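Chain nomenclature is as follows: A, B, C, D and E, assigned in order of appearance, with residue numbering initiated at 1 for each chain independently.
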Amino acid sequence: MSSALLYAGAGMGLLLVGVWALVLRAHLLRKVLAINVMGSGAFLLLVGAGAMGGGPVDPVPQAMVITGIVVSISATALALALVLRIAYATGKAALPEDRERDLMDREGR
Amino acid sequence: MSTWLAALPWMVLAIAIPLLGALAAFVQPRRAQVIGLSFSFLTAGAAVGVVLDFITLGPQQHAVGGWGAPLGIDLVADGLSILMLGMSAVVGVAVSIYARAYFVPYPDKAPRFWPLWLFLWAALNALFQSADVFNLYVTLELMGLSAVALVALTGSGPALWGAMRYLLVSLLGSLAYLVGVALLYHAYGTVDLTLLAERADGGLQLAVPLGAMIAGLLLKTGLFPFHVWLPPAHGSARAPVSALLSGLVVKASFYLVLRLWFTFVPEGEGLPLLLGCLGAAAIFWGSIQALRQKRLKLLVAYSTVAQLGYLFIAFPLAGLEPQMAWSGSIYLALSHAFAKGAMFLAAGAIMTQGGHDEIDELDLVVDRMPLTLAAFALAGISLAGLPPSGGFVGKWLLLESAMAQGKGIWAAIIIVGGLLTATYVFRVLGFAFTRSEHHHERHEVPAAMEWTALLLALGAVLLGFVAPWALPLLDGVLP
Amino acid sequence: MSSASRPPGEPGLLLRAVLALLLLAAAAGVALALVAGQVAPGLSGAVAAALPDSGASNPVTAVLLNFRGYDTLLEMAVLTAAVVGVWSLGPAPRIRETEPSPVLLGMNSVLIPLAPLICAYLLWAGSSRPGGAFQAGAVLAAAGVLFIISGRRPAVHLPAAPMSWGIVAGLGVFLAVALAVMPGGRELLEYPRGLAGALILLVETAATVSIALILAGLFIGGRPEDEP
Amino acid sequence: MNPGLLFDAVLVTVLLWVAWAALASRDLFRGIVLFIAFGLVLSMGWVRLGAPDVALAEAAIGAGIAGALLLATWARLPGKTEERPGDDLEGQERDHEQR
Amino acid sequence: MTTNAWLPLLVLASSLIPGLIIFTLPEKAVAWRITLNLGGALLKILLLVLMMIGVFHGVNYEFRVPLVPGIDFVLHADALSLLFVNLSAVLWLATTVYAIGYLEDSPNRSRFFGYFSLCVTTTVGLAMAGNLLTFLVFYEALTLSTYPLVVHRGTEVARKAGRTYLAYTLLGGVLLLAGTIWLHALTGTLEFVDRGFVRGLDLDPATLRMVFTLLILGVGVKAALVPLHAWLPQAMVAPAPVSALLHAVAVVKAGAFGVVRIIYDVFGIEFAAELGVTLPLAVLAAVTIIYGSVRALFQEDLKRRLAFSTVSQVSYITLGVAIAGPIATIGGLAHLVHQGFMKITLFFCAGNYAETLGVHKVSELRGIGRRMPWTTAAFTVAAFGMIGVPPVVGFVSKWYLGLGALEVGQDWVVYVLAGSSLLNAAYFLPLVRAAWFEPPPDEWPHERNFGRKETAWMLLLPPLFTALAALAWGLFASMPGTPLDWVQFIAARKYGS
C-alpha cells in the first residue's frame, strides 16, 4: 500500500462525496462547494495515480494540476456570481426543481 | 493566393485571432460591435485558410513549443477537424452578422456578447485542432464557461437558472472527463492522442477511462438521460446565442466522442448498442416534447435533443460498414449545425417582430416575413431529412448502412424519427400560414437578420448536393 | 426518518439509492483500473532531459511555461473569460457598509505591504524553486481583497478601463510572445534557445499582475460602477 | 507501517472527514469555513506527495481566494435579516415562517 | 447516339427561374407576373417540342450528377416521361391563364404563382426522373411545394386540410423511402430500365413482395388508392386553380405515374405478374373505382363530388397497369392523359360557376346552361367523357381497358368498368339534365355579370380548349400524334416483343 495509492484512493473518496452532495444538497452555494471538492479529488487522483509507479517525481501531472486549479477557481468564480444573480432575481439561491427540498437534510439526525 | 499569404500558420491564427479579438472587444466596450464583427471575419478567414491548406497539402501537424508529442502538445488538422472548422466558420460568420443587427436595440448587451462569443469561437477552433487529451480538457472548460456566460447574458430568472444548471452539468462532465485523463496517464504515461492510439492495449485500464471520458462528454452533449439542462438553457438564451449553442457547442463534445472512438476503436457490442438505444430514446423523447411546446424557441431546443439522438444511431451501425455509418452521422451533424442555426435565427427574427414566440399566434408570418419563414421551412426540411437537403443525405447514408447489415430496427427508428420531426416542423408552418384572431403589433426587423437566417438554411439545403465532394475529405479519419 | 421537510412521495429515497449504486460502480471501476494494469513510467525522464534548454530549472515551471505552455495559454484564456463572464452579468453588487474592526485594520497595515514582497519572491523563485506566476498572483490578489474589505473602497470605484487593460495584459503578453517567436520558421511558443529564460520571466510577470487584477475583479463580482 | 505511511493515513482520514463535514453541514457559514480548512489540509497532502508547487497553489488559490469568494458571496446573499450566522436555505425558510 | 444534358435542365429551369423571380415581385407588379408566367409556360412547351423531335431522331437526353455516394441524380427523357411532361406543360399553360383570371384581385398572388411554378417544376422533374432516388427527391419536393397552395387561403379550415394533406403525403414519402432503401440494399442499383432492373437478379420473392407493397403504398397515397385517399376531398378547400392543376394533373397523376414507373421500370410487368402482386393491386384499384364513384353520388358540394370522381378515375390507370396485358397498358397510360384533360375541364367549369354565380352546391345548378351556355357545354362534353360515352376521349381509354382485360382473360374487369360507367352516369347526368332542361332560379347566390360575355374570357377559354382537345382526340383517335398513338409507341417497349 504505497502512499501514492492512498492519496489516489482519497481522491476517489472526495469525488464520491462531491457527487453525493452535488446531487442531494439544494442550496447552490453547497453545490459549488461540492464541485470544488470533486475537483480537488480529481487532481489528487491525477497526481496520486501518476506517482504510483514509485519512480522519480513526475512534474507533468503537477503542472496539469496547477492548470486545473486555476481553471476550477475561474469556474467557481463564475458559478458564485451566477448564484448571487439568481438569488437577487428569484429570491432564493436554488434551482427551480430544488426550491422546496433538501434531500440531505433529515430531521432525525 | 500570394505566397506569403499561403505561408501563414493558419492553424495557430485560427485560435490566436479570436482570442485577440475577445481581448480587444472587452477593453473597448463602446466599439465592441465593430471589433467583434471584424474579428469574426478574420477568424473565419483563418479557418478557411486551414481548410485550404488541408485540401492542397493534406493533413497538417503543428507541434506547439517545438517539443513534439510526448512532452509538448500537437495541433492536428485532419479531415474531421477541417469539416468542423469550416462548419464553425460559416455558422459563426452568419451568427455574427445576425448578432450585430440583433443587438442594436440592446446597447448594454452588445459589448458583453462579443468578447464571450470570440472566446467561445477560440475554444471551438482550439478544440477541433488539439490532439492532446488534457489540452482538450482546458478547451472544453473555456468553451463551457463562455457558453454559460452567454446564456446568462439574457438576465431573466429562467435564463440564469438555465445557465446555472448548464454550468453545473458542464463542470460535472469535465470532471468525469478529467478522471478519464488521469487514468489514461496512469496506464500509458502520455496524454497525446496519437501515442495513446499506439499504446492502447484494451482491457479494463482502457475501458474505464474511456467510459468515464465518454460519460462526461455525453453530459456535455446532452444525450437523452443527460438532456435535462439543454432545453431551458438553449430555449431561454438570446437567439444568436441559442444558434451557437445548438449549432456548434453541442457538436464540439460530440466531435470529441467521435475523436476518442476513432482513436481507440473500442471493440465489443455493449457500448455502441447502449449509445444507439440512448440515441433512439432521445429522438422519441425530444420529438414528443417538441410537439407539446407552446413556445417556438423551446420547440427548437427540444428538437436539438431529438436530432442529437440521430448522431448516436451511427454507433451500433458502425460494425460491418463503419465508413458509411460514420460519414452519415458526421454529415448529419454538419447539416444540423446549419439547419438548427438557421431555425434559431429565424425564431429570433419572429420574436423580434411579433414581440412573442407563441406558436399558435404566428399570425401570417409567411406574408409579414417571407424570408424568415423560408429559412425556417428550409431548415425544417433539412432536419426532417426530406430531400433535397443535407439532412436527407445524412439519413440516407445511415439508412443504407442499416439496411446493408440487415438491421431493420435502426432503419425504422431513423424513418419514424424523420416523420416525427416533420410533424412538429409543419405544425409550426401550419400556424405560420394561418391568420390568428388576436392582433399583434409589428416591430421593425433588420434585413440582415432575415438574410443570414435564409443563407444558413440554404447552406443546409446546399449540403444535399455537395456530398460527393465533401465526404471524401473524411477518408483518412474513419476507422 | 420522518421526512417532514420533504413532501411525501419525493423520490429522495429512490434517487439516493440509485445514486449510491452508480457511484459504487464507478468507484469500483476506477479502483480496478488503478490496480489492474501496469503503471507506465511518467514523463519525468523526458522532462529532465529537455530541462537544460527550457529556460527554467524548476521542472514544474518548465513544463508549465515551456513544454506545455499552450495549456497555460489557454488556461489564462479561461481565467480571462471567467472575469469577462462575471463582469458581463451586470454591475458589481453592493457590499454592505460595515465598519471594519480594528483587528482587521491592524492586520492590514502589516500584511498589505508584505504581500507584494512575497509575490516578487515567488515570481523570481519560480524558475528554480517552487513558486510561479499563479501562486504569486494569488498572493497579490489576497492583498487586494484585504484592501477592498478594509473599508477603504477604492477598488469598487477603481475606474473599470485601466483595470480591464490590466486584466487583459496577462493573456495579451503571452499571446504576443507566442506569436512573436514564430517568424523565424519556429512553431507557436517555441522560444529561441538563448531567450527562453528571459521570455518566460516576462510572460510570468505579466501573468502575475494580470492574475492579481483578475482575482480581485472576480472578488468584486461585477463590472465596477464608473464607466470610463 | 513506516511512520510516513501512518502520517499519510491520518492525513487522508482527516481530509475525507473535513470534506464530508463541510458538505453535510446544516449551516452554510460553517460549511464554508470547513471548506477552507479542507483546502489547507489538502495542501499538506500535496507536500506529502512531493508537489510543493501544487501545495502553494492549493493553499493560495484553493483555500485563500476560493474561501474569500465564497465568504463574499455568502455575505451578499439576500434574505439576510440582521447579522445572524448560521444562515442557509432552511434558515431562509424559517425566516419566512417567522415573518 | 449523341447525349444532350442541357435540354432536360432547361425544361426544369423554364418554370423554376420564373417561379423564383415571381416570389420577389411586389403584389402590384401584375404585368411582370403575367409575362413571366405565360413566358415560362410557352418556353417549356417549345423546349418539349424540340425534345420530342430529338427523341424521334434517337437523341439521348440525360443529365447525370452524383448526389449520394454510389447513386446519381438523373434526369432522363424517355418516351414515358415525355408523355407526362407534355401533359403537365400543356395543362400548366391552361391553368395559368385560368388562375390569372380567377385570382383577379385576391391577396398575395406573387406567393401563389411562385409556389405554382415550383409545383410544376417538381412535377416535370418527377416525370423526367431517371432513377428511383431522383423520383423520391421530386416526390417529396412535390409535397413541399403543394402544401403552401393547399393552405393558401390562410383560414383555420385550410390549415386543418393542409395538416391532413401532409399527414398522408409525408407518410407516403416515408413508405417510398423505406422501399427505395430496402430495394437499393438488395439490388445495388435504382436506374429505371425498360423492362425492370429487378428481373434479372434472383432475389427471394417474399422480400420482393414486401418491397413492392412498400413502394406501391408509398406512391398509392398520391394515387389516392382507397385506404389512403382521404386527403384529396379535404384539399378541395384550396382555390379552384389549385384543385384543377394539383388534383387533376400534378399530385394525383404523380402518384399514378409512380405506380407506372414501379411496375414497368423497376419490377417489369412480366416479372411483377410472376410475383403475383399485380392481381391484388388490380383488385384494390377496382375497389377504389367503385368506392370513389359511390361516394361521389352522395356529395352535395360540386367540388367534393369531382374530387371523389378523381379518386375513382385515377384508379383506372392503376387498373390498366395492373392487368398485365399490352392493350390494357395502352388503355391505362392513355387514360393518364385523357382523364387529365377531362377532369381539369370539370374543375375549370366548377371554378367558373363559383366565381361568376357563387354556385357551389350541386342543387344550385338548375338552369345554369341558359346563363352560362359555353361553360356548361364544356362541362357536358367532359362529363360525357367521364362516363365513357363516345365520341369523347374517355370512351377510348375505357374501350382499350376492357379489350385488354378480355385479352388476358380477366373478365371481371369488364363488369367493373361497366358498373363504374353506370355510376359515373348516375352522378353526372342529373347535373347535366338539370343544367340544361330546368328553369334557372330567379336570381343566383351572388352574381357578377361581365356585360355581354357570360364570364371573363380568361376563365372561359381554358375549359373550352381542354374540352375541345378531349373531343378531338376522341374523334380522331387513330390519327398519328394523338396521345393514344404516343402511348402505343411506349407500350410496345414495355413488353418482351
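For this structure, a couple of remarks:
In this section, a contact is a pair of C-beta atoms (placed from the backbone, for glycine too) under 8 Å apart; a residue touches a chain by one contact, two chains touch by 3 or more.
For clarity, every value in this text was computed on a predicted model and none was experimentally measured.
For the pair chain D and chain E, there is no chain touching both partners. Annotation for chain B: without this chain, the others separate into A, C, D | E by the touch definition.
Counted as hops between touching chains, the shortest connection from chain B to chain D is 2.
With A-C and C-D as the two chain pairs, more C-beta contacts join A-C. Chain centres here are C-alpha means, and the one lying farthest from chain A is E.
When every chain is reduced to the mean of its C-alpha atoms, the one closest to the centre of the whole protein set is B. For chain D, the chain whose average C-alpha position is most distant is E.
Centre-to-centre, using mean CA coordinates, chain C is 72 Å away from chain E. Centroids built from CA atoms put chain D at 11 Å from chain A. Centre-to-centre spacing of chain B and chain E amounts to 43 Å, using the average Cα coordinate of each chain. Chain A and chain B have Cα centroids separated by 28 Å. Contact of a single residue of chain C with at least two other chains is seen at positions 5, 30, 34, 39-43, 47, 60, 67-68, 71, 75, 78, 81-82, 85-86, 89-90, 93, 132, 134, 215, 218, 221. The residues of chain E never reach two or more other chains; the list is empty. Multi-chain contact residues, meaning those touching two or more other chains, occur in chain A at positions 9, 15, 19-20, 45, 49-50, 52, 57, 60-62, 64, 66-67, 69-71, 73-75, 77-78, 80-85, 88, 102, 105.
Chains touching one another form the pairs A-B, A-C, A-D, B-C, B-E, C-D. The part of chain A that touches chain B in the complex is made up of residues 15, 19, 22, 28, 31, 35, 38-39, 42, 45-46, 49-50, 52, 60-61, 64, 67-68, 71, 74-75, 78-79, 82-83, 85-86, 89-90, 95-96. Within the complex formed with chain C, the residues of chain B that make contact are 9, 12, 16, 19-20, 22-23, 26-27, 29, 62-67, 70-73, 112, 115-116, 119, 122-123, 126, 134-135, 138-139, 141-142, 145-146, 148-149, 152-153, 155, 179, 183, 185-190, 199, 203-205, 207-209, 211-212. Partner chain B is touched in their complex by these residues of chain C: 26, 29-30, 32-34, 36-43, 46-47, 50, 66-71, 74-75, 77-78, 80-82, 84-90, 161, 164-165, 167-168, 171-172, 175, 178-179, 182, 186-191, 227. Listed in rising order, the residues of chain B touching chain A in the complex are 134, 137-138, 141, 144-145, 148-149, 152, 155-157, 160-161, 163-165, 167-168, 171-172, 175, 178-179, 181-183, 185-186. Only residues 51-57, 60-61, 64-65, 68-69, 72-73, 75-76, 83, 90 of chain D touch chain C when the two sit together in their complex.
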